Structures are given as structure tokens and as C-alpha cells.
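Shared between the two complexes below is chain A, which pairs with chain B and chain C, respectively.
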Partner chain A sequence: MSIPKPPPDHCTILYFAAATSYTKKQYDHLPTPFHVSRLPDVLEERYPGIKSKVLVSCAITVNLDYVDLEEEADKDNDGLLVTAGDEVAVIPPL
Partner chain B sequence: MASSYPTTAQFPGVQALTEPNIHVALTYAPLSSQSTLDLVKSPSAGAIVLFAGTTRATFLDRPITHLAYSAYVPLALRTLHSVARATKTAHSLIAIAITHRLGVVPIGEESVLIAVSSPHRKAAWLAGEECLEKVKERVEIWKEEWFEDGGVWRANRDGVAGVKVVDTQEKTSEEMVGERAVK
Partner chain C sequence: MDFDGARGSREVVELRLQIENLESRLATLKTQLAVAEKKDILTKSQDDFVAKPSIKPGTEDSHGALDFTNLKRGTLTEASHSRWPLQNEEYTRYGRQMILPEVGLPGQLRLKDARVLIVGVGGLGCPAAAYLAGAGVGTLGLVDGDTVEISNLHRQIAHSTATVGMSKVDSAIKYLSSLNPLVRYERHPEHLAPSSAIDIFSRYDLVLDCTDRPSSRYLISDAAVLTGKPLVSASALKTEGQLVILNNPPRSPRDPAGGPCYRCVFPKPPPAESVLSCGEGGILGPVVGVMGVLQALEAIEILVAGPIVSDASNGTVEAEPARPTLLMFSANSQPQFRSVRLRSRRKDCAACSSAATISRRSLTSGLLDYQTFCGTVAPVDMLPAESRISAAEFSNLPSDSRGVLIDTRDETQYGICALPGSINVPWTGDAKSWAAKASSLEDVARAHGPAHVVCRLGNDSQLAVKAFQEHTERFEAKDIRGGLRAWREQADPEWPDY
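Showing the complex of A and B:
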């Protein structure tokens, strides 16, 4: 199946492998904007336990580029913003 | 047994990234070793090495009922291309082709084909092995192994513990066997 486009002011987040198993979904549409470093907290609200059980071993991409969440968190308000139409993905271990 | 992840084709035919002498592709269809070989043939080649990765019926002696691959298709293609280009440069290859199959791959069939051509055989042997290891380590493709009692997401590195497909919260006996195997 193909992933539908997000509604206005939303991004798409894609789940793969163990992340799909945990969320029982292939994708969500999340309201934007938010700092990418907040992603784990945003997902934890929807899927309690996901941070420690899944995200801790996963990488994150935004529009096909890998993002270092710790580095982004250190930048505070200068960190990368996820904006409308962006494609974010949770990448479990390969 | 139903998978938690759709294993039906998400696109028809083949999705590929190509440039002269570099060809990478993903497909849900059975792979053809001859077609992959043909992509790297050249009059200046003295050697072609073709690697075929095939699906095994067991994991640590436990029978596997079926096996499926899923991928983040656009990113996997981009990473495959980067691995192919780096391998071609490092070993001065004439050409390189990598095709990975997605979805359910019946036991005994090919899940990945890598073909490399070079003027002399030594470089082709080395490049083929190095390329496969990088594909397993870096490309955004996940293997789901199904046993009679459920499925496991298997990391591509040999012997690394898997994550149970249905419930990631508790360890399966399978996973613990996997962990013992790496110690």
C-alpha cells in the first residue's frame, strides 16, 4: 500500500520492523512544527514504553537524511524543526 | 500465520537507481542471476563474481516457516547506490549491480544478488565480499523470520539477537538462544 499524504500542518512518520510491531501501524501523521529532538517524547505520549523498548536502539531520518537527536537537543531552539509535509522515519537496527 | 507487516508488494516491477556501470534495484519478484550478471558484462572484464544470498530453512537448527523482507524503499535505494559506488571506486571495478528481493522469499530462493566485474579476478572476489557485508550492515532492509510459534525481526549481522514481531516487550526463547550464540 502507499502512504497517504499528511493533512495540512502535519508530517508523516514511518515505522519499520520492530517499530511497526510496537505501534501496530506503518505510519502516523503528526501535527507540526516541532523540534526533531522532541520526537521521542511525542511518540512516548502515543505509545507508552516506546522510548525504552524501541527508540533507544533506533535511528531517525528526516526527508531521508539521518539526524543525531542528541546533537539536535544540544542546539535548543536552533535545532532542526520538523515542518508540514516532512517525512520522518524510525529506523530499527539493521 | 499473518505477518504484522504487509508483505504484499508495495510497488509493481522493479525500482532501480542507475548510472553508467552502477545498477541497484529492489523488487518483489523472483531474482534472475543471469539478468544481474548481464548488467556488469564488459569486453574489458577478465572476471565477473556473482554472489547469491539464499534463504535458509533454519535458524540455529529451528525450522523457519517463511521469511519476509521489508524496506524503506527510497532510502534503501539511496544507501545501496552509495555502497555500490564506494565498492566500485575502492576496487577499481568495471561495473557493479546489486538487486535485493522484498516481501516473502520462499526457502531456498535468492534474496540478494551482487555482481561485480573487473579486469582481474582478485579485485572482483574482494569487492563482492566487501559489498555484501556493507549491504547487510547499512541498507535499510529488515528481515522477518517466522517460526512455528511466531516471528522475529532479525538484524542482518549474523548471530545478533532478534526482536519478536508481535510483542517487543518480552524476550522469546529464540531471542535468548540468539544472545547466547553471540557470547
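Showing the complex of A and C:
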């Protein structure tokens, strides 16, 4: 299955492995912008429990580049912003 | 034709032949010299940061470090006696890869000189070992404490129906020896333990993580960092796989230019209850096969490329921090392969940073408990005896006392085999919504007598009975203890054992 382009002002979230099982989806289109460090909270609203059951151990990439959410959170407002058209991947260890 | 042109003078032909022979001998010597020089540089640079292994001489088994030294010496002497650096059979056997400019004679000699350790001889380790043996890696060490089961055979291609029950290490060596008897195979028929990991890793040049659980991934990564070995790590479950090369280049733990380790990428292990084995989650043979084959490819590339002489050692240029890629394979996605760029070493990594807290001593002394770090799942035993019934008892109940039988496995497993009259309500993980769904089904609501709940192994069914008791009016619900596995053992030996 190929992933369609997101609507305007949305990004694509790709789910892999346990994240696919938990969301029962391969992808989501979410409204932007938001700070990448907020990703766990954004997903928790849609999928209660995902933070502690899946996201805690995941690697996150934005546009194919690894992002450390804790490091980004420490930067406050200077942290990486997810904007329209970005592709975020949620990668649990297999 | 050459033959006709050369016929003129026999002397010219003979002289040409002699020159050709001498030139090829010279080329061989130059190659050997280049390989030996590079190896020298590597050994020196490794000695700089790798502490002397704490192995006491004389305590090794037959594959110990002393043996290793003798083997190396032996190879060199053997080569210098012969006109060619490889045996005739080796040119024929490896010719198809040796004629690639990426390999050539120097690459083949490096493969022959290499010692590779494969941890886990299952779905990943079997194809990885087969291709590395085929390629002529000099020494292959195999670590696995399991024995071959018939449920392994759809994906673990080095094992066979005839070796079911045999140790996986011995079964694989049986297969690999018939594939390529020129490789030296070293047996480690045990589960890798923190106490022995450093000792074993020290004897090899490169490590492949072909295991299937988080606790072994962290242990292997830590041991690879502490012994300065590059690590080719792969994993596979269901229809997906991951591949990453860690600790490459294998710089000292304080050097940020070294490649990141598993802890840098995944500092926190997944919650234990979310970890599925291949037996629980399922695995498609070619998916894990493709990942194991890719591991062999990466290992060959690393070995053939030889040691990297970094600019930093010349004191001129500061080496860039290494950032490897994580390759993800997903059989059902489009595209099937995706590759993302990972981070460099984590500044506060417990294993490979200057703030590292994990040491050789913490591994060998058993201070680090990888099971505890990754958590364990205790078997579910949450119901009082009156809410449970054994499979044998249930099978003896008259049909009018059986009430309604609910099977909580997923639709796919239910489709493989189901008890007659059972109703499939897959366990969702959420007690309230599951109970609401189950009790709303007409067959469940209408049924007289208790609801009996069954699953594959008897864990989910207990959770489901509890959900019934807590969230519905239906208090009479009983768990069939031990699930359908117990049903097979106690009531129906012909029940499919999938």
C-alpha cells in the first residue's frame, strides 16, 4: 500500500511494527505545525495508552532523520517544528 | 591466434612465460604486503584503546585466544610456501566473487583472515552464516543454546527435518560444513551470558546480532562496544525487518567519532508485555531470510573494505561523527525498503559515551541484569479456583452444562482451528470495551449457564473472564486453564499444534 500525500497544512505520520499494531494504521495525516517534542502527547490524544505502551521505546525520525525528543524538548521553542508536508516515522525496536 | 604468432620462437615463448610467472608472483607478494601492513595498522590502533582481555592464559577452551594466534601464524607460513596465496580450490570456489573489482584477491584474503561471530542461529543466523561460509570467511563462530524444532524449519534454512532435536549450533555446522568445508567453525552451544560475552567477543573481528529479544540486543551491543567490534544487527517479526550497523567504526567509548551503539538508538527497552516472540507474533520466512542475507552482505562489505586508516590518526583532520542508517523492510508497504539516517553517539550513552557506566567488570561480574533491565512477564494467574476449569473437566461436561464457549484468539488463529459451537470474540487488550462487545452478542446474552472462555495458552482468557466479572452482569464466567494447548494435551491429541 502506498501512502497518499497529506492534505494542505498536514504532515504524514508513518507507523511501523508495534506502532502499526497499536494504531491499527500504517499512517495518519495530522494538522501542523507542532513541536516534535509534543508528538507523544499528540498521539496519546488519539490513541490512549500509546505513550507508555509503544512510544517510550521508539525511535522517531522527521524527513528520514533521527530526532531525539528529549533533546528537542530541552530546546523549548527552538526545538524542531513539524510543518506541512513533513514525514514523521514512529519506529519501535523490532 | 596467439598460439600461431608465438610459434616462431620457442625461446621467446618460454621467456614470456617466465616473466609472466614472476610478475604474478610479485603482484601476489605486493598484495600480501598491503594486507599485512593494513592489518598491522589496525592491530596497533585497536591496542591503543582496547584494554588487554582479562583472559588468563591456559584457561581457554580449544577455541581460545592461544589457538587463534597459532592459526594465524599457520596461515601465513602455509601461504609463503606456496606459489599462490590461496589454494587452487579456493580460486575456483570464490572466483565468481573475486573477479568483482570490489573484492579481488585482497578482499578474498581479508575474508579468509576474518573471524566472524554469529549470535543466534535461527531465522537470521542461518542465511547469514550460509552466505558468509560460502564467501570464504576464514572462521565462523556460532552461538545458540537452543535445539532445532520442527516449527523452525519454515525459515531457519540451515536446519533440516533430520536435525530436529539437535543443538542449533551443531545442526548448522553440519549444513555449513557440507556447503564449505574450508571454513573453520567454532561451537558455542550456549545462550550468550554477560559473564562470557566479553571473552567470546574478544576472539572475533566482527559480530552479527541474529537474536530475537531485547535483553540479548542490549547485551550484544554492550559487549561489542567494550571489545571494540563492529556489530551488524538485524531483527524481524511478522512481515517487517530492521537492519543497522552499530559501533562502526569501533572507536573507544570516549571517542565521539565512533559509530553509535544500540543504546544510542534505542535507550529504553520496549515494555516487556508488548514484546512478541516469533511464536506469538508470527514470522514470514522470506522476511527474516532477506534480513539475514542483508546482514551477510554488510559483513562482507565491512571485511572486504579492510581497516579504515582514519585521518585523525595522522593528527590532521578531526573525524566526523559516524551516523549510520537504519534500513527498514516491510513486506506489505510500498516501497518495501526505507532507510533513515540515525544519530551519532549519544553524549550520555551508558555504554559508548565518556559518561559510560557499563564496563567489562560490570558484565563479567554479573552486576548488570539484562533481564531486569528489559523486564519480564510473569505468567498470568489472576483468577480464583472457582473461576477456572481444566480442559479435561470441560471436555467431560455434558453439552447442556457447557453454557456458551468464547474463544478470544484473533480471527486468523480462530480460522486455523476452532472448537465446535465456540464464538470468536478477539481479546482487544481493553477490558471494558471487550466485555461490552462480548455481552452484546446475542448468543452470549441468550445462553444459559456459565460463559467458558478459551484462548491459545490461557493468558488472555483469564483477562477476559475478569473483564466479564468486572464490567458486565454476567458473573458466571470460567477460564479454561492453559487454553487450547491444554485442550490438546488433556482432551484431543489430534488438535492442531500450530
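What we mean here is this: the second predicted complex is superposed on the first by the 93 of 94 C-alpha atoms of A that agree within 3 Å, B and C clash if a C-alpha of one lies under 4 Å from a C-alpha of the other, contacts with A are read in each partner's own complex, and residues count from 1 in each chain.
Criterion: a contact is a pair of C-beta atoms (placed from the backbone, for glycine too) under 8 Å apart; a residue touches a chain by one contact, two chains touch by 3 or more.
In this text the structure is predicted, and so the values were computed from the model without any measurement.
A.B. asks: Superpose on chain A as described above, then tell me if chain B and chain C fit or clash.
C.D. replies: Chain B and chain C clash in the superposed model.
A.B. asks: Based on the superposed arrangement, let me know which partner A:D68 touches: chain B (first), chain C (second), both, or neither?
C.D. replies: Only chain C is touched by A:D68; chain B is not.
A.B. asks: With the two complexes superposed on chain A, say which partner A:Q26 touches: chain B (first), chain C (second), both, or neither.
C.D. replies: both
A.B. asks: Once chain A of both complexes is superposed, is A:I91 in touch with chain B (first), chain C (second), both, or neither?
C.D. replies: The answer is both, since A:I91 touches chain B and chain C.
A.B. asks: Should A:V56 be classified as contacting the first partner (chain B), the second (chain C), both, or neither?
C.D. replies: Touch partner of A:V56: chain C, not chain B.
A.B. asks: Which partner does A:A18 contact after superposing on A: first (chain B), second (chain C), both, neither?
C.D. replies: So A:A18 meets both chain B and chain C here.
A.B. asks: Both chain B and chain C touch chain A; at which residues?
C.D. replies: Residues 1-2, 16-18, 26, 53-54, 61, 64, 89, 91-94 of chain A touch both chain B and chain C.
A.B. asks: Applying the document's contact rule, which stretches of chain A touch chain C when the two form their complex?
C.D. replies: Per the touch definition, chain A meets chain C at residues 1-3, 16-18, 26, 52-54, 56-57, 59, 61, 64-66, 68, 89, 91-94.
A.B. asks: In the complex, go through chain A and note every residue touching chain B.
C.D. replies: 1-2, 14, 16-18, 20-22, 24, 26, 49, 53-54, 61, 64, 89, 91-94
A.B. asks: Write out the stretch or stretches of chain B touching chain A in their complex.
C.D. replies: Of all residues in chain B, those touching chain A are 4-6, 8, 10, 70-72, 74-75, 78, 136-142, 144, 153, 155-156, 160, 163-169.
A.B. asks: Name, in rising order, each residue of chain C that touches chain A in their complex.
C.D. replies: 214, 217, 235-238, 240-242, 265-266, 268-271, 274, 323, 326, 328, 330, 332-334, 338-343, 346
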